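First chain A sits with chain B, and in the next complex the same chain sits with chain C.
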Partner chain A sequence: MTVTDATDSRPAVAGGPLRKAVVVGGNRIPFARANTAYADASNQDMLTAAIEGLVARCGLQGERLGQVAAGAVLKHPRNFNLTRESVLGSSLSHDTPAMDLQVACATGMEALGILADKIRLGQIDSGIGGGVDSISDSPISVSDGLRRVLLRLNAARTGKERLAALKDLRPGHLVPEPAGAGEPRTGLAMGEHQALTTHDWGVTRAEQDELALASHQNLAAAYDSGYMDDLVTPFRGLAKDNNLRGDSTLEKLGRLKPAFGRHLGEEATMTAANSTPLTDGASAVLVSSEQWAAERRLPVLAEFVDHEIAAVDFVDGDEGLLMAPVYAVPRLLGRHGLTLEDLDFIEIHEAFAGTVLSTMKAWEDEEFCRSRLGLDGAFGTVDRAKLNVHGSSLAAGHPFAATGGRITALLAKMLHEKGEGSLGLISVCAAGGQGVVALMRGR
Partner chain B sequence: MTELQTMPSLAACYRAAFGQAAKDAVTRRRRPADLPAAPVLVRGHRISAESLDAYRRLLGVGEPESVPSVLVHIEAFPAAMHLMADESFPLPLMGMVHLTNTVFHHRPVPVDVPLDITARASELVAHHAGTAVDLTVTVTDPETREVLWEGVSRYLAKGVHRGERPERPAREEFTAPGMTGQWRFDGGAGRKYAAVSGDYNPIHLSGPTAKALGMKGAIAHGMYLAAKMLAGREPAAAGFRWEIGFDAPVQLPGTVAVAYAHPAAGITEVTGWNARRGRRHFTGTIAPSEA
Partner chain C sequence: MNDPYGTFVDSAVGKRLAKALGLPMPVQLRRHTPGAPLLEGPALVLGGTPAAEAAARLLTGWGVEVQTSRAESVKYAAVVACFDGIDTPAAIGETVLDLGGTLRQLATNSRVVTVAEDPEAASVAEDPAARAARQGITGLTRSLAHEMRAGGTANGIQLGDGVGLDAPGAAGALRFLLSGRSAYVSGQFLPVTTTAGRLPEDPDRPLAGKVAVVTGAARGIGAAIIRTLARDGATVVGVDVPAAGESLTAVVNELGGTALPLDITAEDAGARILEHCRSRHGRMDIVVHNAGITRDKMLANMDAARWDSVLAVNTLSQLRMNEAFLAEDAKDVVGEGLRIVTLASTSGIAGNRGQTNYAASKSGVMGLAAATAPLLAARGGTINAVAPGFIETEMTAKIPLLTREVGRRINSLSQGGTPVDVAEAIAFLVSDAAGGTNGNTLRVCGQAMMGA
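Up next is the complex of A and B:
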């Protein structure tokens, strides 16, 4: 068979050119502190609401998308097909396939990155990526002892076998085990890990409280000016994130006692205010090819240019738990010939104020950048005027898997307003010493 | 050489030692001065898959495929206890304190194959607080006569002095290293370890049983700390050595701050301490055999 001049219309996987993946729209429900407004909402309820809000906003009723990719960090085993069930519960075409994935707090970013890659390759034309998490409705496991008894009981065929299985039951087996007790290999909670990194980089309490205050003030201003109107859809009586304290002051924040790193004594600096609270919420972002968006007269907000998932060896303290993005960003920008100065907006997920500040200090440190990042000198300074311009997780809260979608939709809107060719960076750290970073370009 | 066809039970060892101690108190018997020359040999001991499963469940790690080094110690330990519980042993077993452990894990120890286990008392060492004794345990493949594992455990009989009495070394100031992890032991940690190791020493089981033996409360088993130290870090092909030295005991329930450091390639140094009180619990090393 002779190949004719049809090269350009062929997808990249079939020998054609790569095409652009673009962000078309986003939606999330307001984030709620754990055990408050969404105490009775499940992951399924929240993810379906976020997707359905996006469907309504973009007119996708009955539409068959290429794929919906989302996940939750804390997930009930019965929700093994969480995302597919949310698709079936939405007004998207039931022919839309879905997948669940999980990369801890970077779940939403990786979901979007995978969809963008498939769009670039021409395997799909459109997709929704996002995530959800509920602390209020988190799964509780039974102990391994009780689980083994129950499994043996289930497999038993005779009364005698059942009795033998029950004989091994001990009172201690009945104590339930809540999910998420920190890093399995170190036994340290994430906040305790960050407290070590924060301390290592000499980040002060004042710096962290200032960053937290700015986050609240910037997000409050965004809500007040109506900037969040087309990014958030009210849910269960909540119209905006209920962790937001726009009227907080440095004095108020300064009065809080340290919550993490208390073993550091006087040098403990991390409090409940400069650390993200446990939060419930969900987000969803629509990505597609340019042609798909044009055919539906949907606005192209930004191009999802590239993303990278990274990890560091934190187990014996060689690197901080949440420092993977510090390594990934120079690689990501490097392969596009960019530096921090070329960026118009920088979104560094505020897992803790200490994470953002340690990240920036590391990039300013010549010795660190030479020895650890393999650069010629310091990577650069983040211009605070470009950093988390409309607030970040310290103010909004951080429902683990939902954070990537929150930031991507927000940054796409910011880049679209900034104009064609503007550049934005997203950095999201994650448990397990991992992280996902992404580069976006305004349209 | 005392040859045994099956591994002795630890409970029987404790009972014998307890009985002997009571009898000695009544008859005012003086214990022999010298270590028993004859080693104890247990032929054909098998480490069962069930033991391995129980150990893995406790530690929460699957590796290595073969028997973890501390489980080898647990399985071979009753042979040494048999020796120490005997009336011919110069030091009283009851109340002995674990000071150090040094293990050479030469080759992987397979599950469910016959192993020859030899225990001998190798040395009496004068200590400022009493007299210490080294028990050397060797695990051999009966087919190839190859030594798979050998470990020396040093125990201290407090208050038992035999002649020379060394000066108490000046207590070194402990400066906590940078924490890299944390182990939490709940109140039942001693019982959980006992269920896996078969070592139901009352000082590890509960507050009341420990207090009955003059302790402040239940303390974590030293070998449980060694097991945690090695969890997930044993080279699959063996050929490594490890050692651990115990300082202040870990009160149960309790939290141990730990620091893993790598001073040279392949060498891991571990410190465990109480972050609140600034007291060291143990120091340990994991290294290739030749290092």
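Up next is the complex of A and C:
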């Protein structure tokens, strides 16, 4: 066998150069507050619908993609192959492989990051990344006590053994355990964790309400102007996110009672309006190599440049549960020689208005940035005119694993319109003290 | 048959009862199936004229057994009666009576096609006898269409000055009118005024290689149109309002096309359609303006919202989009032979109580088609209108039972048409085989009495 010098034509994993991973298109179904429009839809129904909308938009019928990567935070054990099953129910070639993955609220971001890396390495040419979550159709588990009784009953061979197993059954065992968003190690709900962080950073109620209002107004304007037409495909009679309240006012938001951090008394600031509601929904984003897109005459919207994952010790350390992106962003931008000022758009997932505001205050705090982030001084200030300009999760809602795909598709469109070389950042916090952030460049 | 009465008269008891009472007896119409023969029996070509010779040649080429004089005890699937070259009404009779003698020998779902020269042609503008002869054929054909039985239709081809039946557009029209594609077209005329056009290499894939845009493609007639164009070989782009995205996705994914969610009344709708075709497909060959709405109200109760929205969606949007499609800067996408079909309605011809707005919008697009035709002709394209009559859709299923029953019976085929019937007429008009027909309105109404 003769070995040629043509390494340039080889994938990076085989000695060739790295290539670019680009975002080609995205689609999601409108997000619905839990137990409303999608009360009867399963995760698989929703993920399939998100993929189908993307297939129709891009003309991918019968196409064999390199991989589809998605996941759900709340998932029935029977849906162990949720993504693969969704592919099999779609118009994509059934030879398209799929994987389920799960990094809590950052699931969609991590899915896209992995696919982008595989594309850069030359292992795959194309992929769909995204996620789905359903609160309405979430799994309910039986108690550990009942589970042990049932498992023993199943293993029992004699009547006597069966009786012995049943004897251990207690009435309390019969209470089902719904899946929750609470942290197993602290027993605190996510909102309670954020309430502590919000309070620590001295974020005011007014600041949070203003951010929530801007989110609703900006997303409503995006829908009204037709901006969402190629980002969203209706599902089950819903054409736009039903959490959206474009006509809300600061007065209305100001009347709400605190929902989290009530133990803070007068200083509790987090309400149902400046926190995201539990939501059902799904998203899907098509990423590929430049060549793959060009061969199919698909538009290249943005380059998925890089992504970074981080975690913080919110259990034994003294960092807030949702503060991991605060650490991840300086590392990500730092290795590309960039600062916040270099960015044209900054998308910080609004898990809570307090999360976004705490994140920005931390980056402006010299002492924090020196001691915790290891920087020479403050990381920088986020220009509010670049922040979540078409609204974010407070308005759209937040079906955990679907949020990354929602933001990536939106930012890719914004960067494409802004033009070649424009830069955008995505920051998504997640349960477990984790977070995934990503850098994108307009094309 | 797709309605309860139709099913009843198809039964043994129903047949006897309907015959005894003289009730309408609809039959299952013969519709186009790819791969099926053009006709299911022999064809008789009458007249002995140049057109008759051309018809015999064409039919033979299409695999049809052709006879030029009537034989006893033969069931004919079609009769082509040619009246070209006549210059006086006195010369029509012989061929007409020949045709009449054949009617009892017609098979189920038979076709009669009359071929004559166009009475509107400049050459006979001042020739009363010739024009009377040519125009006489229209009355003859329409009346015969009323007399046809058992799913049979009668239609006419009108040849322009210097156009023979062997011209591509005329041959294409002949094939369409003989085929199952014209199942619900009766008592109509296809004027072929130029020798432009081209017959397809594969008659089952006449739109191969073409990129077709269909508006309102998510449901009803629009979904049938986009399916039919895809079946005929076109790469399809489905356009519908963003709110219809879920159905549009399903239709487009079934056909392997692309979906473009878009409000056609938007100022930049034409530009966005062009950009989609430019970037995704590199070209745009066919546009079907199907999207339309109804907001029925008696004129006395009409408000501005109802009037304006119907005109905006059904007519004004098309004017604006066509302007974009025909602009100089669209020439890189829109080739020379752009073919447009716009959806009119028999309501726009006969008028309809409670539909002043809808009828205005639909007669409007017929005018639009007529006036845009010269612009397209100059660059080798065409624009035509299709006016559906009573079509069985979700929309007509909501009409009260009795009104609906009357609506679907008062035509020469005693039944409602299907969305596919409309789609077939459109698929023909956007094909190169219809290249000789421009600025015309073709009704797909089973020769409804309404709008006659």
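By definition in this document, the second predicted complex is superposed on the first by the 436 of 443 C-alpha atoms of A that agree within 3 Å, B and C clash if a C-alpha of one lies under 4 Å from a C-alpha of the other, contacts with A are read in each partner's own complex, and residues count from 1 in each chain.
The criterion applied here is as follows: a contact is a pair of C-beta atoms (placed from the backbone, for glycine too) under 8 Å apart; a residue touches a chain by one contact, two chains touch by 3 or more.
Computed from a predicted model, the values in this text were never measured in an experiment.
Because the two structures share chain A, they can be overlaid on it, and in that overlay chain B and chain C fit beside each other without clashing.
Touch criterion not met for A:31: it reaches neither chain B nor chain C. By the touch criterion defined above, A:196 lies against chain B but remains apart from chain C after alignment on the C-alpha atoms of chain A. Once the two complexes are overlaid on the shared chain, A:144 sits against chain B while remaining clear of chain C.
In the overlay built on the shared chain, the residue A:61 is in contact with chain C alone; chain B does not reach it. When both complexes are overlaid on chain A, the residue A:49 reaches chain C alone and has no touch with chain B.
In the superposed model, A:184 lies in contact with chain B only, and not with chain C. In the superposition on chain A, the chain among chain B and chain C reaching more residues of chain A is C. The minimum CA-CA separation between chain B and chain C in the overlaid arrangement is 45 Å, rounded to the whole angstrom. Within the complex formed with chain A, the residues of chain B that make contact are 57, 60, 178-184, 188, 232, 257-262, 268, 275-276. Contact residues on chain A toward chain B in their complex (touch as defined above): 144, 172, 184-188, 192, 196, 200, 263, 315-318. Interface residues of chain A facing chain C in the complex, by the touch rule stated above, are 49, 52-53, 55-59, 61-62, 91, 226, 228-230, 232-236, 239, 297-299.
Partner chain A is touched in their complex by these residues of chain C: 238, 242-246, 248-250, 252-259, 261-263, 266, 279-282.
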